[in-house]
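In the part that follows, the structures are each spelled out as structure tokens.
Look for subunit A in each of the two complexes below; its partner is subunit B in the first and subunit C in the second.
Our next item is the complex of A and B:
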């Protein structure tokens, strides 16, 4: 039954990764900015939630504080960094480097304030396990799946059913037309980066609840999420989420036939081959 | 008139010589340290740095050595071998330091040939990969390499604890691979059987997939060699309801791990290093963190270097790497936070076998150092 345990573990990890991929996809599709600082926002979300808990806030409130703070942080990054760079005519490469710099600054602030030690949330309920279909799942894993699926559904609803969501898609599809039709792309960019940053706080808090907090934990997560977004088709929320789950499942199941050190390499090799045949991604829009 | 002028000239020259001598006397003693101060390994590197700083704080508060303050020049290597080489060269060639304190097996091994070529004392206070023992005549390890420690552990778990089959979870770096090989060699030589092994990347705390695979092999025990992230491992082992006993080495001696109820019953070897309560309290007051294993080791390693410096200054010998190395072997036994004996380049110290129970790390067997 090892395969079943690994499959379920992959699905759980995939839900967390899916939230990162969806939030990154929202930002990239709309702003065309390769927002590497998202890794720093992800880490910041976990640490802010942890701090709120340490100061006595109940779990939902602590998470809400983290979400709001990350949203504001994202809006600040867009307003003070990306928007200024856009005004000064910076190239994509310059914006990418600036984003990398912002990510490094955020991670180093975290390391400076909280130290680089692995911090635990140590919430008694999070450690409890529940047997489901012959597989033991921790409460953290169950909550992660629930919130992951709800986030995916929520983002889909927001993008397709709300006015702001439609504006966002319009800006993503044709920024020039959006500008002349007074959709205010700059305002939309701020809202989208804030929204994506608020969303990434969820996995930023839930993953460390299970694995511990580390200042640099966001980087590998973002790298994998980026691949999921590209393989899923840039601009496709479903593509990003489904491919994130697929990557996580593949990484887990690969352990059945090879040592763990090969799983990431082999998984990405499979996706490189996949991209050769479908370069625009699985759910290209 | 001419005699008078000569007298004043001689006086002025003598005064200048005294002043210059005093200035040289007052010049700080500069030593170097190459540690990971940023990046994922900074979790350990910053602890090591605090240990060094704490030792210097004490030494300088006492007036330094022979009236000279000691200054440590820190270089950040991010635990990368290539960066370590650059840092080492910078400290030695530009700053002229005679000794460099460092850690982490890969970076230390990268700097070892340079230490030999430039005759600079390279002091490793925390890394334990076996190749460190013979990497350079100028590399001294103030902590035993893994082979000796794990031989003791392998024999204990097999013969005393009766664990006949083992799985191994190791960090995929020089120290982890060395630990895996050492444990497997000692354990199988003693009659045990390794039934599975899996690597994990440094800093990766998502152990669950590999734990599920290792647990499926149904070993009596799981030998773990990780330098960080042991507490999340304890949580995840409990969550998968694993039946094996968890066994590790000195890297387990993290107060957070000991305090974690999920680590109850874990067994580990422990290179002995103790600090008096007053010293631990002073450290916590100064840095706001516990006086854990790595700060203690680097406090000790720094004091070993300072003892060698003091001996050279007393003997009036120049502060060179070669002389420092000679002084270290001349002193041979250092009684600091633990007794360290240098029979060769690698220290012999006491190794204990500990069991974590009721949130304490209880000693269950003692193996004294070789004299």
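Our next item is the complex of A and C:
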């Protein structure tokens, strides 16, 4: 029954990965910026939540503090970095390098303040297990799936049912038209980066419940998420989420035949296959 | 004096490596954070050949360069068919994959513990153990690399590469093969990085995965960006400036764990500040 356990683990970590993929996809589709610093925001979310817990905040409040702080951090990055670069007419390459720099800055602030050792969230309920359909699920896993699916549903609702969401999609599909119809793309960009950053705090805090906090854990996570986004089709929220789950399941099932250190190879293999046969992704719009 | 020679020799090796990044990022305009991985392959191949076989130094260096050429072509090829953002993913992927291989393939690379005791290069019967002796080799390597880079940039091929950066479509419309030019650039970058790797391994006589990880790629990018992209002068000055930085930082008394983070933090800040206020670096052209 090992494969069933791995399948379930894959589905659970897929929900966490899906949140990263969806949040990155929101930002990338709207601003067209390959926001590498998202990896830093992801790690920051986990550490801020951990700190809030350490200072005695109850769990939901700690998570809320993390979410708000990440949202602000995202808005700051957009306002102080990307918007300035855009105003000075920076090329795509320059923005990318700056974003990589921001990612290095965030991760090394964490490494400097909290050291690069693995930190543990010591939450009494996190390891409690519940048997569901023959598989033992930990509370962490149940919470991750619940929040993951809720986030996906929430983002879908936001993008398709709210005025701001429609504005966001309008800016994403035609920035020039959005500008002349006074949709204020620049404000929309700030909101979207803030929203994406707030969302990525959720997996940033949930994944370490199992694995512990590490300052540099965000990069492989973000890489896998971007591969899921590309494989799903850029601009498709459902595509990003579904492919994230699929890749996570594949990664976990690959443990049957090879050790875990090579899971990055599996992910990359998926990317190369898509590059060769379907570079526009499964659900391309 | 040895300390000073070591600094110069190391900086010269990084100049050679920086040329490879400059070629891809500056000249052709392909974002790359995987040059440290290619650098690592060069280092491990030379180390392995010198430690386990009877292959002399220069042929080993040549083998490493050849392998890195092939490897760099192989990793760039799939994603050259599609847009630039896909290349970012490829590049990060290659870097993380390479780190996984360097760390986990213990039989070939010594794993996380690294490979100690790489023999010093033996050239014309001279064993270059002292930093002062090695300096000659490093200088020769750097001079050859710089000469090659300079000649290529003056040649029609160099103009073609720069034209691709400005307007790929126009180049294609003139009947030039964009794909072939990019693959050639990648091959050349591979040769620079592989050679630099071989020199690095024999100079330090010890290599481990931490010299070839994502942080190393970021350092490399910072060298090119601070020195100035697109020009030879920029590639030369960047490594000298950035390698002097940790020495300056050593004057402040920081605990080791914080010091590593502080160094990497400074590289990140440099990337941001230069992109915001001086994208052309110290001696380069505007990116």
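Basically, the second predicted complex is superposed on the first by the 271 of 285 C-alpha atoms of A that agree within 3 Å, B and C clash if a C-alpha of one lies under 4 Å from a C-alpha of the other, contacts with A are read in each partner's own complex, and residues count from 1 in each chain.
Methods note: a contact is a pair of C-beta atoms (placed from the backbone, for glycine too) under 8 Å apart; a residue touches a chain by one contact, two chains touch by 3 or more.
None of these values were measured; they are calculated from a predicted model.
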Combined model on subunit A: subunit C and subunit B, fit or clash: clash
Subunit B versus subunit C as contact partner of A:108, first or second or both or neither: both
Partner chain(s) touched by A:212 [first = subunit B, second = subunit C, both, neither]: first
Partner chain(s) touched by A:116 [first = subunit B, second = subunit C, both, neither]: both
First, second, both or neither for A:6, with subunit B first and subunit C second: first
Partner contacting more residues of subunit A (subunit B vs subunit C): C
Touched partner set for A:261, first subunit B, second subunit C, both or neither: both
Subunit B versus subunit C as contact partner of A:100, first or second or both or neither: second
Touching partner for A:230 - first (subunit B), second (subunit C), both, neither: second
Partner chain(s) touched by A:86 [first = subunit B, second = subunit C, both, neither]: neither
Steric overlap of subunit B with subunit C in the superposed model, located at which of 58-66, 166-174, 238-246 or 328-336: 166-174
Residues of subunit A at both interfaces, subunit B in one complex, subunit C in the other: 108, 111, 115-116, 220, 259, 261
Interface residues, subunit C side, partner subunit A - complex: 25, 29, 31, 33, 78-79, 81-82, 84-86, 88-90, 92-94, 96-97, 100, 103-104, 214-215, 218, 221-222, 225, 257-258, 260-262, 264-265, 267-272, 275-276, 279, 287
In the complex, subunit A residues that touch subunit C: 28, 34, 36, 81, 84-85, 88, 90-98, 100-105, 107-109, 111-112, 115-116, 219-220, 223, 226-227, 230, 259, 261-262, 264-265, 267-268, 271-272, 275-276, 279
Touching residues (chain side subunit A, partner subunit B) in the complex: 2, 5-6, 9-10, 13, 108, 111, 115-118, 120, 127, 129, 136, 138, 210-212, 214, 216-217, 220, 251-252, 255-256, 259-261, 263
Interface residues, subunit B side, partner subunit A - complex: 38-40, 42-43, 46, 172, 197-201, 203-206, 208-210, 212-213, 216, 228-229, 231-232, 235-236, 238-241, 256, 260, 262, 289
